[in-house]
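Take this structure first; my questions come after.
Lettered A, B, C and D in written order, each chain numbered from 1.
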Amino acid sequence: MSITYLEAIREAQAHALRDDPRVFIYGQDVGAFGGAFKATKNLAKEFPGRVIDAPISEDAMIGLAVGAAIEGMRPIIEMQFADFSTVGFNQIVNQAATLFWRTNVPCPITVRLPFGGTSGSGPFHSQSLETIYAHYPGLVVMTPATVEDAYSMLLEAVAIDDPVIFCEHKFLYYHLKAEKLPSEALPVGKARIAREGRDMTIVAYSAMVHEALEAAAELVPEGWEIEVVDLRSVKPLDTDTVMASVARTGRLLCVGEAWPWGGVTAEVIARVTSEGFGLLDVPPQRLNAKDTPVPYHPNLWTAHRPTARAVAAAARKLLRL
Amino acid sequence: MLQTVLDADPVGDATSFRDTHLTAYRFMLLARMLDDKCAGLYRAGKIHGGVFIGRGQEALSVSIGLSLKKGDVFAPLIRDTAGRLAFGEPVVDALRTYLGSVLGPMRGRDGNVHRGRPKEGYLPMVSHLGAMVSVVNGTLFARRMKGVTGMVGATCIGDGATSTGAVHEAINQAAVEKLPLVLIVADNQYAYSTPTSRQFACRDLADRAAGYGVESHSVDGTDLSACLKVVGDAVARARAGRGPQMVVATLLRLCGHGEHDDASYIDPKLKASPVGRDCLKVAEEHLLRQKWADATALAALRGEIVREIEEAVAQVQREPTPDPFTEDWRAISTGHLNEGQEK
Amino acid sequence: MLQTVLDADPVGDATSFRDTHLTAYRFMLLARMLDDKCAGLYRAGKIHGGVFIGRGQEALSVSIGLSLKKGDVFAPLIRDTAGRLAFGEPVVDALRTYLGSVLGPMRGRDGNVHRGRPKEGYLPMVSHLGAMVSVVNGTLFARRMKGVTGMVGATCIGDGATSTGAVHEAINQAAVEKLPLVLIVADNQYAYSTPTSRQFACRDLADRAAGYGVESHSVDGTDLSACLKVVGDAVARARAGRGPQMVVATLLRLCGHGEHDDASYIDPKLKASPVGRDCLKVAEEHLLRQKWADATALAALRGEIVREIEEAVAQVQREPTPDPFTEDWRAISTGHLNEGQEK
Amino acid sequence: MSITYLEAIREAQAHALRDDPRVFIYGQDVGAFGGAFKATKNLAKEFPGRVIDAPISEDAMIGLAVGAAIEGMRPIIEMQFADFSTVGFNQIVNQAATLFWRTNVPCPITVRLPFGGTSGSGPFHSQSLETIYAHYPGLVVMTPATVEDAYSMLLEAVAIDDPVIFCEHKFLYYHLKAEKLPSEALPVGKARIAREGRDMTIVAYSAMVHEALEAAAELVPEGWEIEVVDLRSVKPLDTDTVMASVARTGRLLCVGEAWPWGGVTAEVIARVTSEGFGLLDVPPQRLNAKDTPVPYHPNLWTAHRPTARAVAAAARKLLRL
């Protein structure tokens, strides 16, 4: 058996629906159709009345989830694309994210955001929005990079008592495969050493982990051993694991697919330099997408996002410092 | 002393009819005097931020609170002091929230009208207008999933909030799901300074209902009897499974938007028109005319309420306010998932 | 050869009536065949992303394009190939956008149906449903401020998009400002896979109009004559200063949501019902019945269109695609205010 | 004559309306009432038909502005509170911010956000949202700290061809006064040395500039000369001026009123450390609000946001390193 990242997400939802009567799924076309990406395929049939088509009303979709959470349910909301969550933004950041702090009543909702660039998707079906959610207090922001994490972190997202923004990368949906689903997992909040190395640390998350790993492999023949840290969740962000890695390597490159201003890469560098300045032998560097909307044409798109080649080039420069 | 939430049946027999009016009047007066007290505390500099009162809206608001039962859901808005009290909120909760007592439901974290107790079906509003309606939908949706029947969820919006996308999405959502939502629209002629002519162009906000396929009811918001009946009916219909109900009440805001606002922009013609009647006076006259109460009884009631409020104020003013050093500065309920600059 | 935008007067004399139909039919056929060509290019792997076609919606869409004049504003949606062409978009613009030619209006930056030329009153949609309506309002608002009169702005939404808060806010805004907005609602029975029963609960989407105080018109979207008349009337009314107009057309999407979707969920009963008629066939039969055209003429037209499209494809396929190295990677028009990681 | 920050904003709008027929103002209660904060007081009377009350429809307000901008107008949109811009978020980040890049047609709109904490305002009338806007490509984000800048930057916001998020701090509205309005100003994109010093650089913006200045003054008797850099705009962010200052002082503290994760302070530190690592003698530090919603009660509020005392304490710690 081999299972894709997308299937893992479907399986996690099936598992959650099976194990916990409080779970339901609400989103556009998630019912009989099985979702725009088929992440809920067959679930409506398997769990009648619990996988429900929503009108095109992102604001009300999140509002409904918050109300249901207050009543003890554990809704999973599927946004058709992460980009459309901007229309439900207010309910996420002001309603869901503040509920526990204001009232002591937790808000266990999971908002699934199919996100990130794929070829030909253009400015409104490609966005990486983890930063705007992580900036607000009260949200957990998960960014699984592997099939195993997609599965186990989604289960954990549903299980924890807090609102989770679950950023699932569309580029990984079909590309990424694993032999089987995991029975154990690192807890959320813990980063993972995706590859060990001694010469440099590359911190990445989601699809960029794979670009980083490819870059690391590319650098082996040149004699470099690159360590790759997969953040897994960007909020909370596991500074300790990052710093321990930088302590070993002395060099830090942060890679993110999001826009450059104020995102995960800035946050990682700010933390490492303010808390672990002495660990760095050379200036930390970062690599992000360009500061424009995500372009449609593949020629532009591959230049807009960091690729393994770009990561390797940045790494080489850093190694030479 | 506050009465608990009534199983109001405003169209029942004569005694219960009278009793309902008396109860309603008491909550209205309590709300009016509590609002006035808060306004006074604000002017005296004892309340930070703003004070938002429901003067003129008590008849409508109390009707909601009285039509609901324990087990129902209520998401009041800024002008619902009367409805909150009638739904069972103790006077101290309002004061504790305004004065920031840590013993209040919001513990000093949130203030003024942003209070509630979600676990008791009493939802604390966020400021973003329209945002509560779909949250009420969610509670009803969840209860239906859990097999709970016979409950309703009520929430209020103003004429201004009808222009928000959030309200539109939520009414439509409730209609598609046929949820027992009662949406009370208080058309009080102004949204802050903005008159309805700059807010919508339909003849009447009740004309919105057909576009959602929901039932709608119009009522004179200055008339307690009418409000009790119409709101009560709408709640009963929702409870009976007829889907979402919309109630559009016409009235005038008899105060500023908040207590910082002198409302000098309000059209004097409106004030002089029937829409500008004070529902509390109208209700009082009704009581007297029906001989359900006399001047002495009303004076006694007023005295009783003054004492109740003064005692509550005195108590709350002695209560502790939040201490930043012992405060739990965490926005996430799962302890280890919190992070921040300081560890 | 493409005709320029007509000063369509569908209720004029008999000749112009026939001419309008012939012109409309030509654009419909061109749109159908252009859409089919794009679908073919997609299946052949020549188009990245998705292809979204207007099969079944050509009669409605062309009526909008033909009812508008130079100087009007048009913000089409995904299924408006016919309307775009009739409004004056050259065939190459569609192909250039799908194929990412740098000579196209979007220069490879945005794709497929996200194309337009704002300075010509032809607005390029963003994906977020409902978001274009208030933008059209803004163009009309601005023109009024500048003293321009007699213009209208038209835009289209689907049954699904009616559930967005954005559409609600925008219709209401247009009504309050009494803008010459024509909002075409194509109720094609589905939003992606979602049937209208899960999208709204009103009897008819035309029932929304009264709630905004705007005029509304219903039309059989499979009938070109009816569409030309009803849309033309609505545009004329808006132009004459009667405020926003809503047109609700009933039809069936005769394709998948996009070309990746086999639309297997569409109810066969709907397909077999009058709502499932193919407007292009209906229009063709009408032409033949009226003897405005015969089979030979139609075959000739078809041949002419095939050639036109094939030539355009051949041309666009030779055009340059964007080069990331010479690309101007700046999102801000004021040069020195751009920044980024790389300088 | 003495003029407040708020009056400067009113004057700038009057000036823009007077000089440029393309300018109009649209927002809730901005007309006869003069706005919730009176930032448009008397303007409706002075400029009939050009200062217009909007319905409570933030999404449509921004949409209208974009449409008007396409037609060559220069709308100013007043949000009643920055917090409510989350409801118009989609139109700002996906419509206004992408227009120029997509179509080559500029989008000269100014969105005024009365933002930041004041005592007793609570979680929904206090937010600092510069980060979520600065993260998106295509927007200019201004954060004036002085009466002079409030005036001249608002004029520039209206004059430039790009969408500007104009963050005007409510705490400064009445508190801050100047003798007169400026006739000259630094261009947008240039930071300002608000106070010169040699021992440490504090980078701040908006209301925090004043907390930083107060902290600097507090440290004078202790023998420290603190340099305070006022960023003025956070996007673009004037890295050069910051780096030149750090080059002089060797020490960097960044102060922001926004939430800690991924904001201006992270961005500043990431830039300085990646481009000017060698300039720093000690680890850079930052000070932000706490990672919770903004509390209502003054006791909590003053502990939630960085104050002069907190800035001075952080500075002392850094000076001792």
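Note that in this section a residue touches a chain if its C-beta (ideal position, glycine included) is under 8 Å from a C-beta of that chain, and two chains touch if they have at least 3 such contacts.
Just so it is clear, the structure is predicted and the values come from calculations on it, not from any experiment.
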Most widely separated chain from chain C, with each centre as the mean of CA atoms: B
Whole-Å gap between the CA centroids of chain C and chain D: 40
Centre-of-Cα separation between chain C and chain B, whole angstrom: 45
Centre-to-centre distance between chain C and chain A (centres being mean Cα positions), rounded to whole Å: 36
Where chain D touches two or more other chains at once, by residue number: 54-55, 57, 59, 83, 86-87, 90, 94, 97-98, 101-102, 123-124, 137-138, 235, 237, 261, 286, 290-293
Set of chain C residues in contact with two or more other chains: 106, 109-110, 114, 126-128, 163-166, 169, 172, 176, 198-200, 330-331, 338-339
Overall pattern in which the protein chains touch one another (line/ring/star/complete/other): complete
Touching residues on chain A, where the partner in the complex is chain B: 24, 49-50, 54-55, 57, 59-73, 75, 90-91, 94-95, 97-103, 105-106, 137-138, 140, 160-162, 187-189, 235-237
Touching residues on chain C, where the partner in the complex is chain A: 47-50, 100, 106, 108-112, 114, 126-130, 160-161, 163-166, 191-194, 198-200, 265, 321-325, 327, 329-331, 338-342
Residues on chain D engaged by chain B in the complex (per definition of touch): 28-29, 31-33, 36, 53-57, 59, 81, 83-84, 86-87, 119-125, 260-261, 286-288, 290-293, 295-300, 302-304
Chain C - residues contacting chain B, complex: 163-169, 172, 175-176, 178, 197-203, 205, 207-214, 243
Chain C - residues contacting chain D, complex: 105-106, 109-110, 114, 116-119, 123-124, 126-128, 131-143, 145-146, 165-166, 169-170, 172-173, 176, 330-334, 336-339
